[in-house]
Amino acid sequence: MKNSLKEKFLSPSKQTYQESFGKIISSFCILIIIALVVSILGFVTTKGIDTFTQSKINVFDFLFGNVWSPSSTGANGKPEVGAAPMIVTSFTVTLISAAIATPFAIACAIFMTFIANNRGSRLLRSTIELLVGIPSVIYGYIGLTLVVPLVRSIYGGTGFGILAGAIVLFVMILPTVTSLTVDSIKSVPDYYIKASYGLGATRWQTIYKVVLKISLPGILTAVIFGMTRAFGEALAVQMVIGNSITMPTNLTTPASTLTSQLTTGIGNTIMGTLQNNALWSLALVLLFMSLFFNILIKIIGKRGAAKYES
Amino acid sequence: MNPKSVNRIATTVINSLVGVVVALLVLLISYILVTGLPHMSLDFLLSPSQSYQAGGGIRDQLFNSIYLVILTLIISFPIALGAGIYLAEYAPKNWIVDVIRTLIEVLSSLPSVVVGLFAYLVFVIKFQVGFSIISGAVALTIFNLPLLTRNIEDSIKSVPDFQMQGALALGLSKWTTIIKIIFPSAIPGIITGIILSSGRIFGEAAALIYTSGQSAPVLNYANWNPFSPDSFLNPMRPAETLAVHIWKVNSEGITPDANAISSGASAVLILVIILFNFFAHWIGKKLYKKFTVGEVK
Amino acid sequence: MNNRLIHFISALGILILFLTGCSSNNGSKSKEITSVGSTALQPLVEQAAHQYSTEKGLTINVQGGGSGTGLSQVSQGAVNIGNSDVFADKQTGIDAKKLTDYKVAVVGITPVVNKGVGVKNISFKQLRDIFTGKFTNWKQLGGKNQEIIVINRVKGSGTRNTFESSVLNGEKALNAQEQDSNGTVKRIVSSTPGAISYLSFSFLDNTLQPLSIDGVKPEDKNVEDNSWKIWSYEHMYTAKDAKKNVKDFIQYLQSKPTQDGLVKKLGYISIHDMKVVKSSDNVVTKK
């Protein structure tokens, strides 16, 4: 009798086993994701790096060159694979669309959590979430029939360009940014808000000085996911941006993004050739660019958060 | 300026920004519905598609879209849930975990065609799974995981700490607490993630062209055996979804009524997504009520 | 720490089991034909496969992905048939000797303009000068005073290769907008004032103005005797040692009934009606 009690205390309890089980299951899931991420990143990297190792293209020529024509050779006897126009365009389009989308998303999120009644906010949110499911092609055609003529009538020219691309992208990333922002604002503990009201702060003061500050890291994540979506979008952007590989000089002349070149070119080139590998190098650049944005935004977020955490 | 008038101005600014968004939403959705609904009929929904004659429907594509969403969620949700729990509750706070998080976020910026080609080369060719719904579901899982994992992690983290402390004090293991108490309270937030990612599945085309394919073999809706090649339930058959069909009809379609099919199919897609979201919210609410005592906030 | 390590190792173990479980799943695929490639050719192959497979009890899987994908995959042996808009020996990186070429249809390509430009007929030289950037306004060609907006097709695509080899005469095209599908080009040209591009015949309708070249109209009968010079073949490539049922299927596509029926219905020109033959170097000879 005494012995079994002793054993019971010395051996691991049922809860310990449950705990181990849980840890194994959840580690297993994260390992699957890590395996996927690593294999995809490895896949893109090995393919993308061939341009530089096999075809001996200079990395600087690739990043800063202005002419993209992998099937013809340039003055230096090497294929022309200057990705700079596309890098600049991708960068600009993404930045502009995120810059437009963020204030709207934050306003919607504040409206839903603080201003509207329950039913109104749920209706607005469901409608915004509906936008995610509209296929890119449809966005592209709506852009072609509404946005491009609009830009054309205001700024002249053809109407195709970065501006039209950014407007279409803004609508496409709005749901992601809004939804994640709402979640992060909602997760601000109630007692902060009550305390703030209790101190006599107005609603705006509470929102601006308490809620937005606490949810800043979450909002930044929302913006990151919006931007990565913008980076990866091809079909819709390609239709309205003009898809012409020239260094953009203003917002209303045709340009082309990394993703749209990648998507249009990949079906027409043969795997293992330079033309194909150069496209994978574009994917690699895309990865590095989004890594850069990601880290940048995290640093900003950390600075912002550090001030308010005691 | 006194705080009250600042408050008033801020409210006006917010309301007008929201007004712009609402106007945009109304414009977009009514544009799609107005151009599409006139082409929608029972016949359109229930007849198979045609490659060059007028009068094709979208029966198989509609079913494939829904089936693909369900299959993808069956694969990706458990993984995302486990990973989300790990990141929220078990992950040590060190740089490795930070790197993992960043990598996952970066993954979601890959263009869908890259993910599609990856899944094509690995699953369709290397593992010889072939063009099939299941390959499509794997490809979609790859780019749904980042957002879904992140969303689940955040929803779990936003459950107040005292729930966990209370349960631990009662002698429950942490894992049991997470599954039985934390997860149910996080359901409303998780539903958002599911809706966003299933929306993306409904609307995705580029990744599916290389994985689940862009042609639909004839389906037999009376055959319930998932292993038979013409059964509608067979996950190993190639399948064209609505979004892929819309893409195909618009880019290389030569049917005389391509425009009508495209706008009709878009309207149907919107309606299906509305129904799906409604259904997801409803299930979420039911589950939440069942597992917790509270109402959805 | 030690504990965590154990958890990770066991999770890793499950993962490896899981992955090896996936990879050992190979089915038999003898009664299946997979065909991948050109999206332009896809409707034809798909429709033919539909009719043929019900007759023969085969599963024929027709997918798109682009001509480049079709050629890479068939030469690697990953699929049975690679559909292509271009000759395999014109694609770098493909060993054309390992493949057998079957021409299954002919497609005519015509320049199209926005309806408002006021030009209906131009010469070959004028067309070339538009696409190399020497003309910039429709006024110079007797049309309205409107800027010429060139919409090109994507580099490496079949339509662009055909157009450039027949029209540009080795000159370099100007750097212009590029779009990759007939449908998108059609929409852009019909909605953008001053736009010019080129399309397959089957996409022509009353929203666009096709151009005649030197008085020759873009019609099937003009392609058949090569008086309309911008046309190309649609190819199906197989490995040299292709299975019998793959060859049978292609023969079915090339047969007179299919060529006169399905091929024409889909807007292509039958290979049996052609009075001339074009080689991969664009040399045309009498049949």
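List of remarks:
When the chains are written out, they are named A, B and C in that same order, and each has its own residue count from 1.
Everything that follows uses one rule, which is that a contact is a pair of C-beta atoms (placed from the backbone, for glycine too) under 8 Å apart; a residue touches a chain by one contact, two chains touch by 3 or more.
Predicted, not measured: the structure shown is a model, and the values here were computed from it.
Arrangement of the chains shown, judged by which pairs touch: all-to-all, with no pair of chains left without contact.
Ranked by distance of CA centroids from chain B, the top chain is C.
Remark: among chain pairs A-C and B-C, A-C carries the greater number of C-beta contacts.
Centres computed as Cα averages put chain A at a distance of 17 Å from chain B.
Inter-chain spacing, taken between the CA centroids of chain B and chain C, is 32 Å.
Within chain C, the positions touching two or more other chains are listed as 4, 39, 64-65, 69, 180, 184.
With touch defined as above, residues shared between interfaces to two or more other chains in chain A number as follows: 23, 25, 27-28, 32, 141, 266.
The multi-chain contact residues of chain B, meaning those touching 2 or more other chains, are 250-251.
Within the complex formed with chain A, the chain B residues making contact are 3-4, 6-7, 10-11, 13-15, 17-18, 20-22, 24-25, 28-29, 31-32, 78-83, 85-87, 89-91, 100, 102-115, 117-118, 121-122, 142, 145-147, 149-151, 154-155, 157-158, 160, 171-176, 178-179, 189, 192, 195-196, 198-200, 202-206, 242-243, 246-247, 250-251, 262, 266, 269-270, 273-274, 277-278, 281, 297.
In the complex of the two chains, the chain B residues touching chain C come out as 51-52, 92, 125-131, 209-210, 213-215, 217-218, 229, 236, 238, 248-254, 258. Every residue of chain A that touches chain B in the complex is listed here, in rising order: 14-16, 18-19, 21-23, 25-30, 32-34, 36-41, 43-44, 103-104, 107-108, 110-111, 115, 124, 126-138, 141-142, 146, 171, 174-176, 179-180, 182-184, 186-187, 189, 201-205, 207-208, 218, 221, 224-225, 227-229, 231-235, 259, 262-263, 266, 283, 286-287, 290-291, 294-295, 298. Chain C meets chain B in the complex at residues 4, 22-23, 25-27, 29, 32, 34, 39-40, 42-43, 46-47, 50, 54, 59, 61-65, 69, 73, 78, 180-184, 202-203, 265-267. Against chain C, in their complex, chain A makes its touches with residues 20, 23-25, 27-28, 31-32, 35, 69, 71, 140-141, 144-145, 148-149, 158-160, 238-239, 242-246, 254, 256, 264-273, 275-276.
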